[in-house]
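Going by the order they are written in, the chains are A, B, C and D; count residues from 1 in each one.
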Amino acid sequence: MQQGKIINDPVYGFIQFQHPLLLQIIEHNWFQRLRYIKQMGMAPIVYPGAIHTRFQHSLGACHLITKALSVLRSKGITISEDEFIGTQIAILLHDVGHGPFSHALEFTLLDGITHEQLSIQIMEAFNRQWHGQLDTAIAIYSNTYPKQFLHQLVSSQLDVDRLDYLNRDSFFSGVSEGVIGYDRILHMLNVVDDKIVIEEKGIHSIEKFIVARRLMYWQVYLHKTVLGAEKLLINILKRAKELAKNKVELFASPSLSTLLYHNNDNNKAVSLELFCSLDDTDIQSAIKVWQSHNDEVLSRLCNMLLQRKLYKVQLLSLSESNTIDQHKERFLAAHPSLANHIDYFVFEGLTSNNTYDATDENILILQKNGLVQDLSSVEHALINDTLSKPITKRYLCYTLP
Amino acid sequence: MQQGKIINDPVYGFIQFQHPLLLQIIEHNWFQRLRYIKQMGMAPIVYPGAIHTRFQHSLGACHLITKALSVLRSKGITISEDEFIGTQIAILLHDVGHGPFSHALEFTLLDGITHEQLSIQIMEAFNRQWHGQLDTAIAIYSNTYPKQFLHQLVSSQLDVDRLDYLNRDSFFSGVSEGVIGYDRILHMLNVVDDKIVIEEKGIHSIEKFIVARRLMYWQVYLHKTVLGAEKLLINILKRAKELAKNKVELFASPSLSTLLYHNNDNNKAVSLELFCSLDDTDIQSAIKVWQSHNDEVLSRLCNMLLQRKLYKVQLLSLSESNTIDQHKERFLAAHPSLANHIDYFVFEGLTSNNTYDATDENILILQKNGLVQDLSSVEHALINDTLSKPITKRYLCYTLP
Amino acid sequence: MQQGKIINDPVYGFIQFQHPLLLQIIEHNWFQRLRYIKQMGMAPIVYPGAIHTRFQHSLGACHLITKALSVLRSKGITISEDEFIGTQIAILLHDVGHGPFSHALEFTLLDGITHEQLSIQIMEAFNRQWHGQLDTAIAIYSNTYPKQFLHQLVSSQLDVDRLDYLNRDSFFSGVSEGVIGYDRILHMLNVVDDKIVIEEKGIHSIEKFIVARRLMYWQVYLHKTVLGAEKLLINILKRAKELAKNKVELFASPSLSTLLYHNNDNNKAVSLELFCSLDDTDIQSAIKVWQSHNDEVLSRLCNMLLQRKLYKVQLLSLSESNTIDQHKERFLAAHPSLANHIDYFVFEGLTSNNTYDATDENILILQKNGLVQDLSSVEHALINDTLSKPITKRYLCYTLP
Amino acid sequence: MQQGKIINDPVYGFIQFQHPLLLQIIEHNWFQRLRYIKQMGMAPIVYPGAIHTRFQHSLGACHLITKALSVLRSKGITISEDEFIGTQIAILLHDVGHGPFSHALEFTLLDGITHEQLSIQIMEAFNRQWHGQLDTAIAIYSNTYPKQFLHQLVSSQLDVDRLDYLNRDSFFSGVSEGVIGYDRILHMLNVVDDKIVIEEKGIHSIEKFIVARRLMYWQVYLHKTVLGAEKLLINILKRAKELAKNKVELFASPSLSTLLYHNNDNNKAVSLELFCSLDDTDIQSAIKVWQSHNDEVLSRLCNMLLQRKLYKVQLLSLSESNTIDQHKERFLAAHPSLANHIDYFVFEGLTSNNTYDATDENILILQKNGLVQDLSSVEHALINDTLSKPITKRYLCYTLP
């Protein structure tokens, strides 16, 4: 009898994959490359343990959805075998379209192609290879499948993606306060009117989940040093692309090179094959070489990153006046030759985060009397109007001369 | 060289006690009796693991205060040796006045003498025994010591008492969501103007601490089954006292007997010696015997507890109409002989909890610019006006016929 | 749809019980009394956290056997529904015959009736109450069921009893080195020729399990202070029984009283009803009273326990000469009135432990080539002849004057 | 007042570094490069979580040695400030000489220069930079410092290196059985006659440490798949070096390139600057490119690694006959063009491991009577003669055609 594959996961212990198609997908090189793409991008600069990968996260999320589906079945919700596997595959592949240092790449080398678009393209390629066996998975992922609640497990304000990444990011970063009671939340799931709901007695676990997410946002994901490092990486890739456009020679692995030099016409999509041959190592090993490049902008930015002389980041409220001009002057006084490139060294931007988005698909609470209520409208709710509005912060990045 | 005593604590690992006076106090029988007084009273009826004791909690809280004091010293806050030991002793003894099933006893057999009063009496007795060595501890505990921040560590909205009990109660009940990042909080402590403050970057840990406490309140401490069991225990002791007043004979250990029969005149305080010979086992073993008593009220109540046929508890909002009369009628129809004692079986009450009490000593946040702000007034605070108001709930307890 | 009962367990998280008969057994008062019987007897005197109960252990062992049975089924081993439930019940009840401070009681008040005998009596009583539904459970427990491997899961050198108690005792005592990889061991279980075997790649987990057990034995279960406390308790009960035989009056709850006074003829078995009304609290609260008894032996022993002035314990090799006579002389010089009772205060005994018992049902390793081998005969085995011999140690207990 | 740097470590929680020189060393690029060198080389191929780095390990080991030194000081062992810092630096830098995929590189590109030699060279370079401040650290590391026990903490059969890597490797691989009670071991350390000893009551913790190490060896470090992957990597680098010698062009980052092409004369040591610019990403990103190289040996090997079609590994006892010739024939039948390179695809080797090396610096047990004994000569010892002999295994690696 088939036992499938058992994988040791530091977060959940043993995790098990049974269905042959799941195993084949996991073995595929396009999935395996996620082993070399860190989940948290530049965060390890502050949290050295946070070097776990999208490979681990994808397996972990698949483990959680398997548990969630079993809980729902045990409560009498009908989920066919095909839907079961389809949902597992949808979550297994939800991040497969991520490139190295995901967001950094999307906004620079990929000219705005999002990882969601690439995920779907890869799923479709797999579907061709496996003769339509991913039809249900794709429908669930794209939210065109009739049973909407399956999509909600994959993607919503209370999906297993978030459950896993909060847990996992907390675990590996050592910020233990982000750890959530995923087991209790999974046991409280139910379905009413084709929507995922949480049974009433799970409400405080949900509150804690939302607060844990809020904590991880401000303490880890938007940590000023991490933010500064990510902006620096983006600017490095942006500068490299500019130089490539101007035919300046740059050390790069063949795949990275293709992306830098040949993707400028915008009328040709990146080939999946090429994209899937890229991972964090291509970027990291190129940057080490570029720090000696003779373009002053590129080499300075790379040096800043490798020496961890990152941008200084200042968070400002929306109305606060900034000191951007003073920082520009001070920097240019020391580096007059960089006058045309000052925006690489001193600049401003916006970042925004929602503790709970009341306008998105809401988290629904199933009361004992059978009624369903939005989390934010429950009496004495922690999650109220104030928290349902996004917090937008301005940041000012500058470089010390 | 003296290494003191090392104790294995499941929550923190090794915990160490150095000072000879600490060791002597720990060895004292009045402290050792805390081994037999469960921290969470009747909660094990729902959470079977939650049978940890006030002994463990007191040692744990002392361990945390030792860490807190060391952190503060490392930040340049002056704390003399005498103050260091004094604060340790104050927290070690903060719960020493608890009797078995604390609140149940206070409101019945002890005629309203609180555990705080008894703690201070015991400290004073110790102080006499050890020739004034507890002077500083008593001053800190009673908040008459000049350095107020030491008292705040022992008792405030962010004291080590709460840090330990949240952690410990979560750990032993298995409600892991209550676990808090005590280590981070301790590292963020500081003192400004003789008040404990939290450095700004610890704000999200504090938010999570408050939410964890809120969760533990509604999910564990005020769990309806637990509430029902506690009310039942109170009524058992109340009835026993009534019978004792009327000279009805009751099985009891000598100490419990004295408390039941001889403390009715109210003009004689309970002797500490007597009080300190009582623990949970006296109550528990008496109740087992009382279930066969020929007083119908007492035996029925004891049977209900031992058979876990507890009161049914219904939570009501303040304005909601209740069904108390129907429940009384239904019960009396089945048990007409209990007509004079119906309030033992069907009754109503109030319970109240504050997520954050803005009128109490506030939690103060130390901003990077050096300013100090109340937690609830920080921009985009989770802890806002709504949460700062106490939530009061009515409960209806009734007995199925 | 039935979800059964979910219990929060600090060791395993959520544990779930589905079958109605399991739930009924758990609710039975004779099972619930295990809530008040500590798993580790006197060990909390050294490890204050180790106050977990046989109730928790029984539920935990049942949880593990459920996992083990599921793993075996997934490997194609046939286990019928009836066998599944039967095995669950057998382990759930394997300790139900334990009295308070188990071994202490067995050797004193119970006149040698063992807890195994009482467990089987209780199972039979349950079987009558539930009309034969425990037939399979009793056969499995008594090893008369044809499929022997089911009995092995309940009782053998690698049963879930040991898996749970090692894990749980380590967890609560804070001696984290006793924690074992139960999950891996359970996944490596298989059945060959009706015997439980461990797949070869699990061999190192088994080695570690055996070493963890060895460690817990010497560090916790046979800790000299714990040993001294247990001997003291036994002597207290022995003396109380002696006094009772001589019609001396002793404070005791009615159940304890019956056991002390009326069970001396030996021709009448203890009634189950009486036995099942006893728990730790009866003993503990009696001892507190007995410390003021006017029998000098009894009061002195009780005082020693309550003041933690325990026997001093010295471990000796079998051939080593002891100093028992000197200790007797020294004690009697100070307490001449106790001359007739010196054996209560200075005495000698034997204790023995096997790291691995090669003569018992062995732990079998299933090699990749399909052959089955005893653990101790595997090449380069850690568990070799030396470790397969029992270690017997003499101990000398004496009382300081 | 100086608080130093606090780092979140998933294994130990907060870890703190105080001394300015420690902080400067940690900030140095040659140390920071350890962030990109995985501790466990190819093990993540089986244990996806095991991607932690030598950076984390070095910080963790430094944390443990700080605790160990404090424990020793608290027991009255004299350790001066200079020795304290020196020991911390010695352990912090003990692995700084590791290159990417350490052993693979040592035996190929580095022509046998060991990581220990490079560590010492780097320490000396640092010592020049910081004007002799590392004198003590170097003496301790090289075991020329008078107080030998300091060296033993850094390197012996019971050093903090092993304590940390066992703990950390277990933690990240998810093989929880490898976790050891480091805290207890550290508390049991003492010094007698200038040698590290373990107090008697810690003996079972040591046994468990040795068994945990044994388990990690066979289950993780020498896992056949991991062994196969490592041999494959070594062969890839060996082949690349051969090609480079023959002036065949190979994609490589400049540093890797230098190592491949210019280090062939053997009379010039690798420059530290060059060596310290290499990390795992250089190797990984080169291999991805080499899989399309037109050398059939190199491309085939790289493909095998990237497609995870690793060598099959068979473990043999020393005397067992192998099937190497059959495997060679079978492989060559399918790939006749590779006849000259068959040793890249089918070969044999030896691997060896000691559970406890009784001929090395022994682990000493300090008995209560003050005598010191070798661990393996303690009565009833788990660690006996058998375990003190190294186990050597032959392995046969072959490639399926």
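Just so it is clear, contacts are C-beta pairs under 8 Å (C-beta built on N, C-alpha and C of every residue); 3 or more make two chains touch, one makes a residue touch a chain.
Note that the coordinates shown come from a computational prediction; the quantities given were computed from them, not determined experimentally.
Q: Touching both chain A and chain B: give me those chains, sorted by label.
A: A chain counts here if it touches both chain A and chain B, which gives C, D.
Q: Please name the chain that ends up farthest from chain B once chain centres are defined by their CA atoms averaged.
A: Relative to chain B, the chain with the farthest C-alpha centre is D.
Q: Just how far, in Å, is the C-alpha centre of chain C from the one of chain B?
A: Whole-Å distance between the two chain centres: 33.
Q: Need the CA-centroid distance for the pair chain C / chain D, whole Å please.
A: 43
Q: Measure off the straight-line distance from the CA centroid of chain B to the CA centroid of chain D, and report it in whole Å.
A: Chain centroid spacing, chain B to chain D, equals 50 Å.
Q: Listing for chain B: what residues touch at least two other chains?
A: Each of 13, 175-176, 184 in chain B touches at least two other chains.
Q: Can you list the chain B residues touching chain D in their complex?
A: 1, 3, 6, 13-14, 74-76, 183-184, 187
Q: Report the residues of chain A in contact with chain D in the complex, numbered from low to high.
A: It is residues 7-11, 13-14, 27, 29, 32, 35-36, 44, 47-49, 51-53, 55-56, 59, 171-176, 251, 253-255, 277, 280-282, 284-285, 288-289, 306-308 of chain A that touch chain D.
Q: Given the complex with chain D, which residues does chain C contribute to the contact?
A: 175-177, 179-181, 184, 201, 204-205, 207-208, 211-212, 214-215, 218-219, 317, 355, 379-380, 382, 384, 386-387, 391
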